[in-house]
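Below, chain A partners chain B and then partners chain C, in two separate complexes.
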Partner chain A sequence: MSRHSIKSQERMSGYLLILPWFLGFLFFYSGPMLFSFIISFCNWDYFKDLTFIGLDNYFRIFDSAGHALPAMGRTLKFVFLEVPLQLVISLAVAMLLTRKIPGTRISRTLIYLPAVMSGAVGGLIWRYMFNTQTGLFNYLLSFIGVGPIAWIENPDIALYSIVLTGIWAIGQPMILFIAAIQGVPKTYYEVAEVDGAGKFSQFRHITLPMITPTILINTIIILILQFQMLAPIIVITSGGPAKSTYLYSYLEYENAFKFLKMGYASALSWFMFVVILTLTLIIMKSSRKWVFYQSEKGKML
Partner chain B sequence: MKKGITIIFLMMFIPALGLMAAGSSEEAGGEDVVTVTYLTWDSGPGVEITKPIIAAFEEQNPGIKVEMQSVPQGYDDKVLTAHAAGDTPDGLLMWNTSQWAEAGIVQDLSPYIARDNYDMDQYLPVVKAWAEYKGGIYGLPKDFTPRAMFYNKNVFDEAGVAYPEAGWTFDDFVSTVKALNNNETGANARYGYVAIPGHTYALQAFIWSNGGDLCSPDGTTASGYINSQAVVEVIQWYKELFNMSISTGTMDAYQNLGQNEFQSGIVGLMDNGLWPVSVYKDDTSLRFGIAPPPVPHKGDSITPVIHSATWSMFAKAEHKDEVWEFIKYIGGPAGGRVFAEQRWGLPVFKGMAEELGLMDDEYMKVFAEVGEMATKAPVFIRSPKWFEADTEFKLALERIFLEDEDIQTALGEAALRMDKILQSQ
Partner chain C sequence: MILNKRTISPAFFKGLLFLLLILTVVTFLLPVYWVFIKAVNGPIAIFKYPPDLFPKRFSLDNFRNGFQDYNTVVGFLNTLKIVAINIAGTTMVSAIVAYGFARMDFPGRNIFFVIVIASILIPWDVKVIPQFMEFSHLGWTNTFLPLIVPMMFGFPFYIFVFRQFIIQIPYELDEAGIIDGCSRIGVFFRILLPLLKPPIMTVMVYEFVRSWNDFLDPLIYLSKMSKYTLSLTIFYMITPFMMDWGAVMAISALAVLFPVLMFFLMQKYLFGGLSFSGLKG
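Up next, the complex of A and B:
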């Protein structure tokens, strides 16, 4: 078989593998997306008064007296805190759990567990833990004479408390990191050891470069998920107190389902789509500088 | 390769075709009986209680079957998406009359009421007002409760403070809260009151009692109302309360309104509807009483705020005549009596509280008396835009209570933003 036909066969099986996702997108997502794009130029409260209003909904986003821009600013702050936090913690945990120490299997399961829990249920548990009077955190802090801290009642602290809840979302990136770390050939470490490289040096010069593709994919996935993070906000603070946790996703939700402004909410969504797309493209572009792909053998040697 | 794709396509579509076939055969199997579907946010005992009502209704109306669909979580979202998709059940429980009436989600029942000469005057005026919007009637009242003050007798006795009585004033309230507060921290702390910073719904009662209002009667203007002297006075009073109360600004508080703190004796006073009464009665270690809300000045009267709901019909209902028959039954005296007997809410019919002996119950009596003084439906009944405007009022209150912003300034700014929202197209 010629090299060419192997390549085309590979390509074909690739298409086949993404086919279920593609069909799902075509049937379940593309229609609603197109519809939301259309109504983003309209006034639409649930089939009543569908009127074309041009770019008004988009202009409203940039109204300096409105809530959309502050909410986007808050969301960017939140995402920029959340992404490194989840990356660092999930990588650290993955490093620990790939060691040959007892209890790694059960630990992996336990750490992954919150990922299968619904955001609303997880949010409820955090809300109880954050409770100023009866919460777990203040109870534990009381032993060292600290607090009570108004975790989610103080407008200056609340957003950081919400950031903290992200550590329950590390299950997914952790699994990817574990797979990546285990994929690094043992021989590299053996050679490094012979050359007298210490553990940190091995991590810095072997593990880290070898898992950069996974760091990239995790960064992008976490970024997108955190922009869209909604359920915990609804349950824990509903955007309060004093709008300190009023994130962009909650603003969208409120406009769509509480104020019945589907047109405006759709415009908000498309603006968020553009912001996420831009950030993703920037990260992808930058990845050429820091992500190492094994097929590019020349670079490594 | 093409063959493979065909197989995948077939695998996807065959089960779907099967489902469609199953659906249609079921429909064909039905006889002349019409099944009315009814959406409720109640679950468990709340649905259980409708069973005898439905059974009695079905016996009287052999051609109609009623199926309750319980959606305890995300009820409003479910209603909106069902309506947008065009595939709604026939009836629904509703609380936010103006919004869903304006959006065309619910059916104006006045033609049916006129056709059947249905007596709307048997309902208390305030619950009737809850169901009305722009001249239409969008449901029959289910049950209701005014907000009143729960007091924990254990906490009062321990602090040696006299129980509150009808006619107590805003000042009495403050001094009571102060006296109950033991100024300790941690597990030993006792507070007079649970104050929630942005609880605009509860605050509107105090504002009405003080002669103010949150917006104009037609629901289009907040300026001159929300920043009026009457409102400023109430917010000043509430800020004093807030500063010495247990701080609960979380969603926990908005949803539970301090029920747990009250039950466990951390706080002495709680502003609430009658829902927790049945739970508290089962708690033998808890001794509690109910007092009417305080009045601004000695001799003033109160204008309480109520919570209610209606039996309503989807505008896109398939079986409108049948669901109206059911609404008339469950929302009429026959159904209303069954609900009122459970004492989860007050009866919406004139004279039924006395008839059912609620006046002999020390807790229900106070709620019923306060309920009789209720004349105003909450502000959101006036305008569907209120929900958005209210977030500005709430934000102003949180800034005042949590960030010490000047009351007049914060309310003045909120008024302008609220006007813009209320007057938007």
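Up next, the complex of A and C:
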């Protein structure tokens, strides 16, 4: 067989092997998304004919009297609370779990566990524990003389209670942080030790810079996940009380699957996509200033 | 962490850290612990105040109510069916696609792989509305097809995990196989597949947890009770007219038990799996 035919044979097998993914991408990602982009310029109640209405759906999102902007405002508030909280706590727990103390391996698994509860199960358990009269949280708080707090009944508190539930689901970022911390060469610490650097200074000047690539990845993953956080809202509060937890994702969900306003819902989802994409790109761009790569090879892939 | 070494001995410091570790574990386990405790504590303990932090009685009544009053068995069987098909299908297809990305040289390979990565990051909200329009147009509502068919084309994150693992395997192994007369696909099945056990295990556990817990997709596509998955069964147990929280806790405990067991059995692959996926940068 000539060199040329081996090359073209390899090319063919390459395309054949990735064909399933490509078809899936066509049928379940790009195709429907293109369709929803077109639909976003139409009025479509799903059962009736669709009519082209230009940018009206998008104008409706930016209508100052509408629901969409306040919902996006709540979502941004939620995301900007949840992302730093999850980052700091997952990193702190990862630091603890990489110390030379007994029981870290089993603790790693145990701390991960809340993250394996489904949205339905997790949500219901939180709702049960948040119960103002008989819930576990208010019982525990009564020991230190606090409360009772109306966790999900008080409109001023409900959103923060939802933020709180997210802290328990840090398993994934924690695991990535653990892998990153363990990947820092031991010799760096040994040299620092010789130079008389304290533990805090070692963390500040060795660990932290070395794990910046993981901080970047975790920030982006958590950001994207928190923007679309929906199951706890459906299960715990249904957007209430007094719309205090009526997040953008819930607005989308209601319009698409309860009111079947497919045109408007498509426009809503595209606006969400643009917001997430913009924030992600800003973070990526800023990362050139604060992310430290050991080699060129380490970048993203 | 700013501790003066002269005043605090290393042993004492270690003890402090250990205490902190226990406190952290207890805090994080609280919701999981509470489900299991409330599940076996009987119906009367559900709204008892003050609650017993450690159960004083043992009763399986909640489980009996959970199975008798609701469609729980159907939910279990439906979920098992979906999970089994998804694990088998998506693991195999994702591995084969990843093999193409890792080992074949073809124009556009890098661009396609960037698209794979990018599609991991597409928010669920953004793709679910278009997918819903597509699947309901195909008449797939109240069937399991929307939960299964997309997985049969490979799942971007799993493709990524497999690809990162395969590129670490020496290419000489492939070459040896080709010289011995293996076809490209033969190389994959005879030579690489036996070496792929760690990422296969990782992906299978991930897919188990993902499919088992999937709540929003069933919520959107399934409205017939005979089609409910376990998550849906549990979700619909609480209505304004019927609120058997004891039964909820019992069935929730069972629903959580399987992923939890899986985690304990597979932790080696699960936690190892992420460090080879190249995410550590």
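Just so we're on the same page, the second predicted complex is superposed on the first by the 267 of 301 C-alpha atoms of A that agree within 3 Å, B and C clash if a C-alpha of one lies under 4 Å from a C-alpha of the other, contacts with A are read in each partner's own complex, and residues count from 1 in each chain.
In this text, a residue touches a chain if its C-beta (ideal position, glycine included) is under 8 Å from a C-beta of that chain, and two chains touch if they have at least 3 such contacts.
Everything numeric here is computed off the predicted structure, so don't read it as measured data.
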Simultaneous placement of chain C and chain B on chain A, clash or fit: clash
First, second, both or neither for A:W21, with chain B first and chain C second: second
Touching partner for A:D45 - first (chain B), second (chain C), both, neither: first
Touching partner for A:I236 - first (chain B), second (chain C), both, neither: first
Which of chain B and chain C A:A65 touches, first, second, both or neither: first
Partner chain in contact with A:Q133 - chain B first, chain C second, else both or neither: both
Which superposed partner A:V163 touches (first chain B, second chain C, both, neither): neither
If touched residues of chain A are counted for chain B and for chain C, the larger one: C
Partner chain in contact with A:F257 - chain B first, chain C second, else both or neither: both
First, second, both or neither for A:P155, with chain B first and chain C second: first
Residue range of chain C overlapping chain B upon superposition on chain A, of 111-119, 147-155, 201-209 or 219-227: 219-227
Those residues of chain A which chain B touches in one complex and chain C touches in the other: 16, 20, 23, 46, 120, 128, 131, 133-134, 235, 257, 262
Residue ranges of chain C in contact with chain A within the complex: 1-3, 5, 14, 17-18, 20-22, 24-25, 28-32, 34-35, 38, 47-51, 93, 96-97, 99-101, 104-107, 109, 112-113, 115-117, 119, 121-134, 150, 152-154, 156, 159, 184-185, 209, 212-216, 219-220, 231-232, 234-235, 238, 245, 248-249, 252, 255-256, 259-260, 263-264, 267, 271, 274-275, 278-281
Touching residues on chain A, where the partner in the complex is chain C: 7, 10-11, 13-18, 20-25, 27-29, 31-33, 35-36, 39, 46, 93, 96-97, 99-105, 107-114, 116-122, 124-126, 128-129, 131, 133-134, 136, 139, 168, 175-176, 178-180, 182-183, 198-200, 203, 213-214, 216-217, 220, 224, 227-228, 230-231, 234-235, 249, 252, 256-257, 262, 265-266, 269-270, 272-273, 276, 280, 293, 298, 300-301
Residues on chain B engaged by chain A in the complex (per definition of touch): 1, 4-5, 8, 12, 73, 76-77, 80, 83-84, 86, 99, 102-105, 185-186, 189, 197-198, 246-252, 254, 260-261, 266, 384-385, 387-388, 391, 394-395, 398-399, 402-403, 417, 425
Touch list for chain A against partner chain B, complex: 12, 16, 19-20, 23, 43, 45-48, 65, 120, 127-128, 130-134, 142, 148, 150, 152-155, 235-238, 240-243, 254, 257-260, 262
